[in-house]
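One chain, chain A, appears in both complexes that follow, with chain B as partner in the first and chain C in the second.
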Partner chain A sequence: MDSKLLPEGVERCSFGMFILWMLPWLAILAWGGLAAVLCLVKGLNQTNMSNVFAFALWIVFDLGVIALGAGAFFSGFLTYVVGKKELKNIINAAVIIGFICYSGATAMLGIDIGQPIRGWFIFWHANIHSMLVEVSFCITCYLGVLIVEFVPIILENRKLDQIKELHIFGHNLHHIMGVIAASGTFLSFFHQGSLGGMFGVMYGRPFAARDGFYIWPWTFFLFVLSAIASGPCFTIICTKLTELLTRKKLVPDNAIQLLAKVSGWLLSLYMVLKIADTLVWIYDIAPRAGFKFMDFYREGPYGVWMVAAELFVCGIIPAIMLMTPKIRENQGMLVTACLLNCTGIILNRFVFIIVTLAIPVMPFDRFLSYLPTWQEWAIGFAVIAYGFIVFSLSYRYLPVFPKERELNPIAG
Partner chain B sequence: MKKEHDQGKYKYGMVIDLDKCTGCGTCMVACAAENNVSVRPDESDKQRSISWMQVYKADNGKEFPEAETVYFPRPCMHCEQDGRGGHAPSCVSVCVATATTLDKNTGIVSQIYTRCIGCRYCQAACPYKARYFNWWDAYFPVDKGLERYLSPEVSPRMRGVIEKCSFCHHRLMRARTKAYADGRRKIKENEYITACAEACPAQAITFGDLNNPKHKVAQLIKSKNAFRILERLNTKPKVYYLSSRDWVRKIADNPVDEFSPISG
Partner chain C sequence: MLPFCFEWVWNVDHIIFFGLLYTALTIVATCVVIAAIKTVMQVFGFTRQRHF
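Showing the complex of A and B:
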């Protein structure tokens, strides 16, 4: 039915099968859409956020997907700026994943603010001292960059490519990809950092507050580093999942191995700095505010186990696994290490958002807990469903993986 | 004398004597009535109700007969700094849309409801939990007659924005207007006080200009019993507390080795 739209020389499932695959994701997206309408029409009382949990599940999702979407800018940087040619075989997938993550997060933020119609005030009445302003400016600009990076991939669709003007336009966009990738790297560096800075500058919250360099708290640099350490792993996971579902090899091993190796070394550097940061926090910043390390974990489900899980299970262990060639060459171990790495980063964002707010600062105040409502879950899952839909459509109709034809020759 | 408004450097602040406070909650009610604070048909969800002035209860953790209780009335602290030397409180420096500002002439931290986008970053940054979000549309039950109590001097807030104690800023405006009409440049000490200070039956709350040594508040904060909540965070709040009880002064901050009174 849609055979004329499919890339040449590759095999795709039947249109009916594709629709069947898409249905559950569309259903989840519709469920999220319903929740979004409820939140926009009735207000944020539809969530379980409160005056204590000003930030909640959505912000965890946002920061999580933005960190994991860092694979796009970092792979772009390695491919076009550093000149790692082998990554050209995975860069399209990385760009699409980045686009999904950033556009999903932006849409989610639009629902998360109490007055969505006033969203433009961030740009019009910008407070230049606010880290969130830096985040907003950079994310918006970077989403623009991602669209520019995504457009040439869309224009490579068999039908669109037949239109001469579009073909020339797409081809020219390819030529300036180096500049685009460099500006994307610049923007991403600042918004990944300022997302970390957002929490580091909450000096009234000793659990999150950090000292820093000039106007940037250390969390600024740690968030950048953790994002570029985990983003490529997320790109690997998505690629491996696509390979599993399509039962095809789509990306040559050298590209995957390079990303895994870079990820491993960055993660180990991040771990060294994160452990140093944690020690400074325990022995200097927290005591200055009158807290001992264990005071933060007096009540509630958020215990020291989270520190251990983040630093050791989801930090040091995957770093060693990814740095060791023998381990990362084993597919199962590679995927495990990538999953652990990504889990660690989500856990880190969760800790900075939820645990920071759960811990009372006033000694006579109490610890409170939070559980999301179905509306919050629905919107979170809708972003995941949106990701599956966009990636599935891209895979089906666009030449996302340049080596697919070569790696999977069609018999006869 | 030139007839004009005085724009001198004031630093309005509050001193709450905890030894006098009985925890009756009149300050909370007076504040809500004065400032058109919206209510809910069911106010049981305390994490989402709005209370610019919140009374916290604490005890010394001892059994009878040594058991003692203290009540901490907590308005917005109108902090001077962010805790790391920045010359604006955390809530002001983090606000994306410049919807909250520190007025250097009065020391009052304002909230511009029509500019707030409701991102709640200020709420997350405030260690005193003094900022409240409007989770619902403003509601003043007509059948209960509450709408008749609405003050025309204070704008009600719409859904989706942050609100907080303004030190009854409209009362400052009113006092200034009166002084202007009387041909005075300065307002008198008790001409501008907050609704909570006026309503407190125990007269535990004193309000005035901390920069003016003649004002009672400026004298009270020099007491050896004066302290502020979370002094160690260095946010320099303009709300001070008094208590002759050692444990009360200690419980206002996270474990301190030794209590040291405020200097200046």
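Showing the complex of A and C:
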């Protein structure tokens, strides 16, 4: 039915099978749409957010997907600025994943701000000393950059490519991609950092507050480093999942191995700095604010186990696995290491957002718990479903993996 | 006050923040416009079409 739209020389499942695959994701997206309408019409009373938990599940999702979407800018930087040619075999996938992450996060923020009709206030009444303003500007601009990067991939669709004007425009865009990638790197660096900086300057919350360099708390640099360490791993996971579902090899091993190696070394550097940061926090920053380390973990479910899980299980272990060639060459171990790495980064964002707000600060404060409503979960899952839908459509109709035809020759 | 920022103030903070932002935006926009102009020139035969 849609065979004329499919890339040449590659196999795809039947149209009926594709629709069947899409149905559950579309159902989840519709569920999220219903929750979004409820939130927009009735207000944020549909959520369990409060004056204490102004940042909640949606912000965890946002910061998580933005960190994982960093694979787009970092892969683009390595491909076009550093000149790692082998990554051209995976850069399209990285760009699409980045686009999904950033557009999903932006859509979710549109619901989260409660009154999207006033969303432009943050640009018009810009408080330039606010980390959140910097984040808003950079995320919006970087989404624009990702759209510019995504357009040439869309224009490579078999039908669109037959239109001479679009064919030439797509290739002209390809030629300037180096400059676009460099601009994207600049924008991404600052918003990833400012997301971290936002927590580091919360001096009224000793659990999150940190010292720093000039106007930037150390969390600024840690968030940038953790994003570029985990983003490429998320790209690997998405690629491997696509290979598993399609039962094909889509990307040559040298591209995957390079991304995994870079990710491993960056993760190890991040772990060294993160452990140093944690020690300074335990022995200097927290005592100065009148806290002992264990004071933070007296109540509630968030115990020291979270520190151990983040630093050791999801930090040091995957770093060693990714740095060791023999381990990362094993497909199962590679995927495990990537999963642990991404889990660690999401855990880190969860700790900074939820645990920071839950832990008592004043002597008369008590531990506050928060459980999301179904509307919050629905919108969160809708973003995941949206990701599956966009990536599935892209894989079916666009030449996402340039080596697919070569790696999977059609018999006869 | 500038049309791009309602509460614009002529100080270093604003100039650095918006200067960097508009520099990045100008670079991206210029690249897209150049690609569009090159496309028009090539489609109408004013410049030699490159073989891809």
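Here are some notes:
The definition used in the following text is that the second predicted complex is superposed on the first by the 412 of 412 C-alpha atoms of A that agree within 3 Å, B and C clash if a C-alpha of one lies under 4 Å from a C-alpha of the other, contacts with A are read in each partner's own complex, and residues count from 1 in each chain.
Everything that follows uses one rule, which is that contacts are C-beta pairs under 8 Å (C-beta built on N, C-alpha and C of every residue); 3 or more make two chains touch, one makes a residue touch a chain.
Please read all numbers here as calculations on a predicted model, not as lab measurements.
Put chain B and chain C next to each other and count what each touches on chain A; the higher total goes to B.
After overlaying the two complexes on the shared chain, residue contacts for A:V148 are found with chain C alone; chain B is out of touch.
Legend: residue contacts after superposition of the two complexes on their common chain; A:F137 is shown touching chain C, with no touch to chain B.
In the superposition on chain A, A:F186 makes contact with chain C only, not with chain B. With both structures placed on the common chain, the touch criterion links A:R298 to neither chain B nor chain C.
After overlaying the two complexes on the shared chain, residue contacts for A:I122 are found with chain B alone; chain C is out of touch.
In the superposition on chain A, A:K159 contacts neither chain B nor chain C.
In the superposed model, A:G290 makes contact with chain B only, not with chain C. Contacts of A:G43 after superposition: chain B is touched, whereas chain C is not reached.
Overlap of the chain B and chain C interfaces on chain A: residues 124-126, 129. On the side of chain A, the complex with chain B involves touching residues 43-45, 49-55, 112-115, 118-119, 121-122, 124-127, 129-133, 136, 198, 201-206, 209, 211, 288-292, 295, 356-357, 361-365, 368.
Interface of chain B with chain A (complex): residues 45, 47-48, 56-58, 72, 82-84, 86, 88, 90, 93-99, 115-121, 123-129, 131-137, 158-162, 229-230, 232-233, 235, 251-256.
Taken together, the chain A residues at the contact with chain C in this complex read 124-126, 128-129, 134, 137, 141, 144-145, 148, 164-165, 167-169, 171-173, 175-176, 179-180, 183, 186-187.
Across the complex, chain C meets chain A through its residues 5-7, 13-14, 17-18, 20-21, 24-25, 27-28, 31-32, 34-36, 38-39, 42-43, 49-50, 52.
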